[in-house]
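Order as written gives the chain letters A, B, C and D; numbering starts at 1 within each chain.
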Amino acid sequence: MSEGGAGGGALLSPHRLEAFSDGVMAVIITVMALSLQMPSSATWAAAEHRLPEVLTFALSFTFIAIYWNNHHHLLRATRTISGGVMWANMLLLFWLALIPVLTAWIARAPGQSVPAAFYGVDAAAAATSYAILVRVIIRANSSSSEIARAIGSDFKGTVSVVAYLVAVGLALLSPFLAYATYSGVAIMWMVPDRRLYSPLSAPPRASPDRPLP
Amino acid sequence: MSEGGAGGGALLSPHRLEAFSDGVMAVIITVMALSLQMPSSATWAAAEHRLPEVLTFALSFTFIAIYWNNHHHLLRATRTISGGVMWANMLLLFWLALIPVLTAWIARAPGQSVPAAFYGVDAAAAATSYAILVRVIIRANSSSSEIARAIGSDFKGTVSVVAYLVAVGLALLSPFLAYATYSGVAIMWMVPDRRLYSPLSAPPRASPDRPLP
Amino acid sequence: MSEGGAGGGALLSPHRLEAFSDGVMAVIITVMALSLQMPSSATWAAAEHRLPEVLTFALSFTFIAIYWNNHHHLLRATRTISGGVMWANMLLLFWLALIPVLTAWIARAPGQSVPAAFYGVDAAAAATSYAILVRVIIRANSSSSEIARAIGSDFKGTVSVVAYLVAVGLALLSPFLAYATYSGVAIMWMVPDRRLYSPLSAPPRASPDRPLP
Amino acid sequence: MSEGGAGGGALLSPHRLEAFSDGVMAVIITVMALSLQMPSSATWAAAEHRLPEVLTFALSFTFIAIYWNNHHHLLRATRTISGGVMWANMLLLFWLALIPVLTAWIARAPGQSVPAAFYGVDAAAAATSYAILVRVIIRANSSSSEIARAIGSDFKGTVSVVAYLVAVGLALLSPFLAYATYSGVAIMWMVPDRRLYSPLSAPPRASPDRPLP
């Protein structure tokens, strides 16, 4: 609150934006679990039939978790937000909010191309919104050079958008190629966090795509 | 917390009111996305049939996003809240909480007048509650002249109430006239945030993108 | 956080308890609105048939809003919480979490005694849990006499429990007598906030049942 | 925020992790109550038929409440979080998010072995994730010896994992043996908080009611 005031009336502190985004992402993750159908009977076979649904849920859970993690790091490096930041953030939340219904659609028809392709379209839209959010935040915090340095090149963000668009095309050949691509993007965001970056973390920087150094 | 105490037992700090309102609005936005029905089959045609639902969702998402943004700015300028503020805020949340069910109703019958009209009634009630909230907050913070200056004339708030009531009438002619009006009000709240106010932001006032006037 | 540490390892600050309770109450209020069925067709008559549901929702919304308000005031006066406070709070949230399903049950059968009676049983259990919470908090904060003074006699809390139990009996005669009693208790909590207490608010105290002075 | 910065870019403060976890757990508890079916008619007999569902809900509510409580204490003792902490926490939330659908499955078929066994599998996975979270947090906070002392031996955590796995086996004999075991674990976590630890709380340690050992 005080930070927002310090920067003049035009600039807001990111605290409440974080809290709101956390709320939305927490609800998305949880209600997505509710979209899982109960097994149709109390047998192992019925439970086994739900395996594709559980895997789809796990993929989307990881997808949202990565966004939460990146968003957390991005806003940590942010000092002030503008109206543009607010709307870019809302656009990101819009695409994320569609994930549960798309997840449910895939879970009912995991072998079909169209749901798998739509999932990729939404994922690409979310990744693009995130890239816009990064740029709008850099502009709003232009007085401090820290933010641009902290955010860095957003290379993985660009790779993600391209990969999702490729996956949309692959889905038309086979939905499983698309799922493999979505999983690959998720692994790209998770793996370096524990392996590649840690030994290199000598200079104390922060980075949105390096959630845990 | 400390601010509330400073003003005597009668005055509360707005922090927890914000957090609660954020929670309600985050849940509204997210569960509304769940009211979207999955396409009935895994085809492009079935997905296309859901387009009116997605557009309705986008309208209501924007509607809630604007309230969150305005609420954010309003409470930023607020130092203390009274019981009246608490209840005015609850009244606003009451009308906002009805948005998802009304959105779902429109999505099932986008060409019908009655759901479109009810949406306008609820929107007008929410806008009126917001106007009440603004006035109650000004009264509770009367000792500081800052709040009234920051909030200003609430011109756009008055325009919104009138426009929503007009839209209720228009809905009886054609629901699409009502939807156009709702979209117009949303655009009115979004556009100035980025275009009109920024160049004028020389003196440190409430905010160049200050959503609530 | 720091307060908790200052009081020794055994005592926790109430901040996260508040945040969690806010989250639960925000979700209750919002999902309750989702339990409202859409009108069965796009006509005024169909909308009119939903009026009992909307009124039931309004009653339960007010019920939760009063608990949020009282809870807010109670925890404002609280410095430290114990494990007992945590569990008493969870017990309160348990009964509140049952309100949406009971509200939906009433909404489907507003003229029946049994749902109206069960609502009263749950309301009495919630009010009793709140009274327990008040006492456990006083015990956990015994070192400061401020809390007991701030909380006062909890007279309205006792009245509420008795009224709810009476309403359970009345429901067996007529559910509408029970609804009238529930509404009466809600009004008891709301009215004094704006009328009776304000002129008397000379000494700066806080009180859980005097949410707005 | 400032704490995270102090430790270098690699270390984050636990505040937002707490807020997000609180949100997820609050939604889980509340939506689980929604999975309760209304009684099929407005009679005492119909309500009585829902008793197994309400008991199942109470068990799962307590289950989540214990995790919230333990999580609260764990993060209170935490100064910095790493990416590993973030992902361990997400893994825990993943298993907790599956509780509502498993609860609903049990509620529909309380006398069947398979749902009772799956509940135990998920409970064991959640308890194992929690144990991983404890260890990852200790590693991330290794510079301060306080955390390891505060967390202690995690004896009850190990007992819980073993008990849940035993319950999976017992479920195949009788689901009620499994339910008894789940309830026993819950009681183990609740009771000491108020009885055993309090008299010993002379030295200011983590907490007399410290849920996570």
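Keep this in mind: contacts are C-beta pairs under 8 Å (C-beta built on N, C-alpha and C of every residue); 3 or more make two chains touch, one makes a residue touch a chain.
None of the values given here were measured: they were computed from a predicted structure.
Trainee: Mind checking chain C against chain D and telling me if their interface is mostly the same residue numbers on each side, over half, or mostly different?
Mentor: Shared-number fraction below one half, so different.
Trainee: Fit chain A onto chain D over the CA trace and report the rotation angle, somewhere between 0 and 180 degrees, nearest 5.
Mentor: 90
Trainee: Measure off the straight-line distance from the CA centroid of chain A to the CA centroid of chain B, and report it in whole Å.
Mentor: The mean C-alpha positions of chain A and chain B differ by 26 Å.
Trainee: Would you pick out the residues of chain C that each touch at least 2 other chains?
Mentor: Counting only residues that touch two or more other chains, chain C contributes 19, 23, 26-27, 31.
Trainee: Could you list, by residue number, the parts of chain A that touch chain D in their complex?
Mentor: My answer: residues 18-19, 22-23, 25-27, 29-34, 36, 38-39, 41-44, 46-47, 58, 61-62, 65, 68-69, 72-73, 76, 150, 190, 193-194, 201, 203-207, 211-213.
Trainee: Please name which positions on chain D make contact with chain A in the complex.
Mentor: 1, 4, 8-10, 12, 16, 19-20, 23-24, 26-28, 31, 35, 82-87, 90, 93-94, 97-98, 100-101, 104-105, 108-109, 112-115, 118
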